[in-house]
Amino acid sequence: MIVAERKPITEIREMVEPHESVLIVGCGACVTVCMAGGEKEAELLCSILVLAFKDTGKQFTWDCVERQCEPEFVEPLADKIQANDAVLSMACGAGVQTVVAQFPSIPVYPALNTQFVGRPLEQGLWAETCAGCGNCILHKTGGICPIARCSKSLLNGPCGGSVNGRCEVDPENVECGWQLIYDRLEQAGTLYLLDEIMPPKDWSTSAHGGVRRVIREDVRL
Amino acid sequence: MGHARNRESDGTIKKTSMSRRVLVVGGGVAGIEMALALAELRCDTTLVEQGTSLGGNAGALCSLYGFEQTPEELIGKKVATMRTNPGIRVLFEAAVRDVKGDVGNLHVRIEACGKVHESDFGAIVVATGFDLATGSPVTSGEPTAISCSELERRLAQLRAGNGRGRSNALSVPRNVCFVVEDSGVDSAVHAASALKNALAVQKLPKRNVFLCCQNVNVAGEGLEALYREARASGVVIFKFDGDKPQVAAADRGFNVTVRDASVAANDRCNGLMDLHCDLLVLPERIVPGPHTPYLQKLLRVDVDSSDYFQQNNVWLRPTASNRKGIFFVGGCRGSFDVCDILTEARATALEVYTWIGRDEIPVSVGKVRVDPAKCAVCLTCLRSCPHDAVEIVFDGDIGGKTAHIVESACHACGICVAECPAKAIQMVAADDLQKGMAIKGERRQVEQWVQN
Amino acid sequence: MGTELKIVAFCCEHSGSLAARMACAGESETSAGTEIVSVPCSGSVQAADILKAFRSGADGVVIVGCHDGSCKHLVGNRRVQRRVEHLAGTLKEIGWNPERVAFFPVSAVEGQLFRDRLAEVVDRLRGLEAGR
Amino acid sequence: MGSTESAALVIGGGVAGITAALGIAESGFAVSVLEREEDIGGHGARLCCKATDVCRQCGACIVADKIEQVRAHPNVSILTRAELVNLSGAMGDFDAAIVRDKSEELRIRTSAIVVATGFAPFDARQKPELGYRTCANVLTGLELEEQIRRTGSIVRPSDGCRPANIAFVQCVGSRDPHIGNDYCSRVCCKYALRMASMLQARIPDLHVTVFYMDVQVGGKGFYDFYQSCRDTMRFVRAIPVGVVEDGSGSIELQYEDTTRGQVVKEPFDMVVLSVGMVPAADAGTLAAMLGIGTNGSRFFASRDGTEANLTNVDGIVLAGACQGPKDIEGSIAHAQAAALRVVAQLGVS
């Protein structure tokens, strides 16, 4: 899922400062699950802004849509959105841009910092587990992604900074991805997979290759 | 200040059919008493015992303090009563393999003697007792110290053989010393059982018995009398504080050096007592039963900081768990005094009865409700519910999965309501249930209080 | 100064509410208006509830739950403490004094402690007002 | 004379009586609870919370909760200021004569009787050497409980000052064959250490000395708590033999320092006597009225070691500390076990 985090209130405050009425729009998908921009967070942010701009006459209201990245879900909010000076979107970057595309005349602000594709390690703690590189090699690395989980995205084993299974970049919080891969392969009895030297990665399928698109001709209308 | 608090007013009462059967896990003294007490209330009881006989740890002892009967007599009598009761079924060599379903109707798979039994139970009572840790000997090589249970076995043999003969004199030699340190939740029972055994040895002819302990446990029925009797009959009791007694192997026995608080250090004496004994008796550490982690996971219940069942929370005392319909009795929750365990078991039986004794049990429903259309199935409620009352189910109306509150397990604490990031869970009041509307915000009784 | 401070106290019905009742038994003197809101567990109090209280004019919000280890719902009091800490941080971000929201534990039989702790909160808030 | 019927009659509205009544009532039977005092709750309702922000499991709040529950229970009727004056009949059909408000006479016909008359705190005046009532700053544990419950903290009775140095004297009236109390009261170590630690949390730099024989470390979590107390309190294995109060209210305790082999005197701001439990004053009278026995310690006698609730009279069961010293948790368990006996009897008949 996409994991995001709410921006500091001070930053959000500066964004909405020039506007008299702002609609806060939450999203019921990924950012609900990662507790950043669901209905509860939308209501909360609304209340906080009301208090922050107390006695200024500014109006804050909130609403929430199923999936903000889909125009059909955003469309029903048209009246509400047009009745406000600005929209504060609590969706991921994709959701924000859907609203922007839909309502070009209204300023739309992102209330979240979209972080990564990840999963919860425990309640309240999420970690990046997929870099979306466009060319998956999990089957060769014991199901642990070296792109996302090695701080240096190395493809052929760890660097010299792997100490006691921890990564030199942040030994306290980050495990060495390659140690994890090695342990996992050893456990599975498939260490021979490491014999294969991986060639330099073709990053063109990743973010470095320009704007990516996925096209499924068979499902296009 | 009209501060009325009516717990049941905010939920309608629905009758849910409950299984009237109770599963008791463990055939020690707690499990036996539990089954008997439930039988008195005409609850259908299945008792599973991992071994081939009933009685557990208490049954292995040769005497119990506070009781005139031997454990054999006590348990024998109870087991005989159990046998004649058609409401009690005992499965030997049995283990609980799986538990599914809701509180009130727990579907349990039991394997006994290679056969699989499956049934629904309204309640489960865990009475799996404790385990004795076979600790390392305090001294290396010969002679080795023995445990209290080993001493009990020797005493039983002596009794059977009338206490004559050389081997008997060897098994419980002339000078016996007990050393008991405070160790944890089991401290009290160690001190009491050392006292009991010290007296038993002292009663043999020509024995000298020393008991070194930190605190004599007399907080139980008849224990102070036992303490006085032991002292009066010649058991020498030393009480030490910070300094633990030093034990060293010496000359076919042990030298024990103990600092007793009542022995003053002066010019002639450094305050230390040197004892020589032929036999050193140390209580073995009591630890949670070996199946505790397995059952903990299977039953989704809590343990305390010493890994015994039951979180140390005043609301759960004496025997409740974090899940409705699941109870802990006796050694498995860190309760070791037989007298207390019998009382605990009976008290729990009544609780079980009020939970499942009637054909149907009123369940407050609708206090907490999930809106499936809003639920993002993020699992937050499932993870944060302290009573394990949330499950994920398929909802036909929305054609997908949603969180669902198991009404019989729910305590309506509202923690999930507060945690839900989608605001999909609401507290609902009874009146509004009929009107089909939630009364968020007004759900609480609000009143004005004037602070001084 | 001199004007009544409005405090909203969300009280666990197993501890805070009973303590509040004990605290005001036989009392009539007034120095601050406190609204007691009885909740099934302090863990059921959401950040949104607290903000709602502020929006409706509360000067301070206290959450009164059970002592650590005595929550009837095992973890409710700890959950809400985390929430309160987080919310206090957020209030600070909008320039409010984070002490306007606080958690304190009492048991059902600690009427005096309830009174004392509430008075501490009121005093702190008075201090805030005076310092403005 | 008004006559009513009730499936069971509970004598005593303390925590044991309330628990027994709730147990019976929850099983669908009507119960009457007789309470001599103005209100139910007994000693349990006088105790203070001993939490230091961490709950110490004393159970005082559970008593409060049970009082709420029993008041609201439709199957329970509570008669306060009421006493049993006579009992006739047998199991299944007892006839209890009750006097209310010292004059109003009532009769309750009932099938079963739960005796839950509790205990009396030991009267520390029986140990004159400990200075109770002759020294202002010598209090009993129960008095301290009440003071903390009422005021949230403690002050010296003589001058209203915060004490800086308190002594707790254990086993006052317990484990004492000289006064015929040859038993451990089971609660004093717990309440003393819990209160002491709670006061240390509230009063900075409070010095606590505990004079004791043995610390009773039983019960879930108590051992760990006791260990933590050993770090913050001084434990002296001796029971003081004399108490003298000087003009300033300071108290001089005399005790034998066995490690030095001499009697020493030590000043304290306040002394708390951890009084134990003795049978209620009129336990003998009640026993005679009901025809039940008492044991060597003058508490009501249970039939045998394995049946702690049954008396020698069928249909009369014991609940709580009237049978022997118990803490709140122990009383609750014992009372619920008593309720089981009653429910089994009522259900069978």
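In order of appearance the chains are A, B, C and D, and numbering begins at 1 in each one.
Everything below uses one rule, namely that contacts are C-beta pairs under 8 Å (C-beta built on N, C-alpha and C of every residue); 3 or more make two chains touch, one makes a residue touch a chain.
These numbers come from a predicted model, not from an experiment.
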Pair exhibiting more inter-chain C-beta contacts, A-B or C-D: C-D
Rounded Å distance, chain A centre to chain B centre (Cα mean): 47
Separation of chain C from chain D, taking each centre as the mean of its C-alpha atoms, in whole Å: 34
Between chain B and chain C, centroid-to-centroid distance (C-alpha), Å: 37
Whole-Å gap separating chain A and chain D, where each centre is the average of the chain's CA atoms: 60
Multi-chain contact sites of chain A, meaning residues that touch two or more partners: 40, 43
Residues of chain D touching at least two other chains: 55, 57, 61, 68
Two or more partner chains touched - positions in chain B: 5, 312-315, 384
In contact (per the touch rule at the top): chain pairs: A-B, A-C, B-C, B-D, C-D
Footprint of chain C on chain B - complex, ascending: 1, 3, 5, 302, 311-315, 322, 384, 386-387, 411-415, 417-419, 427, 441, 444-452
Chain D residues within the chain B interface of the complex: 23, 26-28, 55, 57-59, 61-62, 68, 72, 175, 177, 182-184, 186, 189, 213-224, 226, 235, 237, 258-262, 304-306, 308-309, 324, 329-330, 332-337, 339-341, 343-344, 347
Chain A-touching residues of chain C, taken from the complex the two chains share: 46-48, 51-52, 54-55, 90-91, 93-96
Complex contacts: residues of chain D adjacent to chain C: 47-49, 51, 53-55, 57, 60-61, 63-65, 68, 149-153
Partner chain B, residues of chain A touching it in the complex: 28-29, 32-33, 35, 38-41, 43, 123
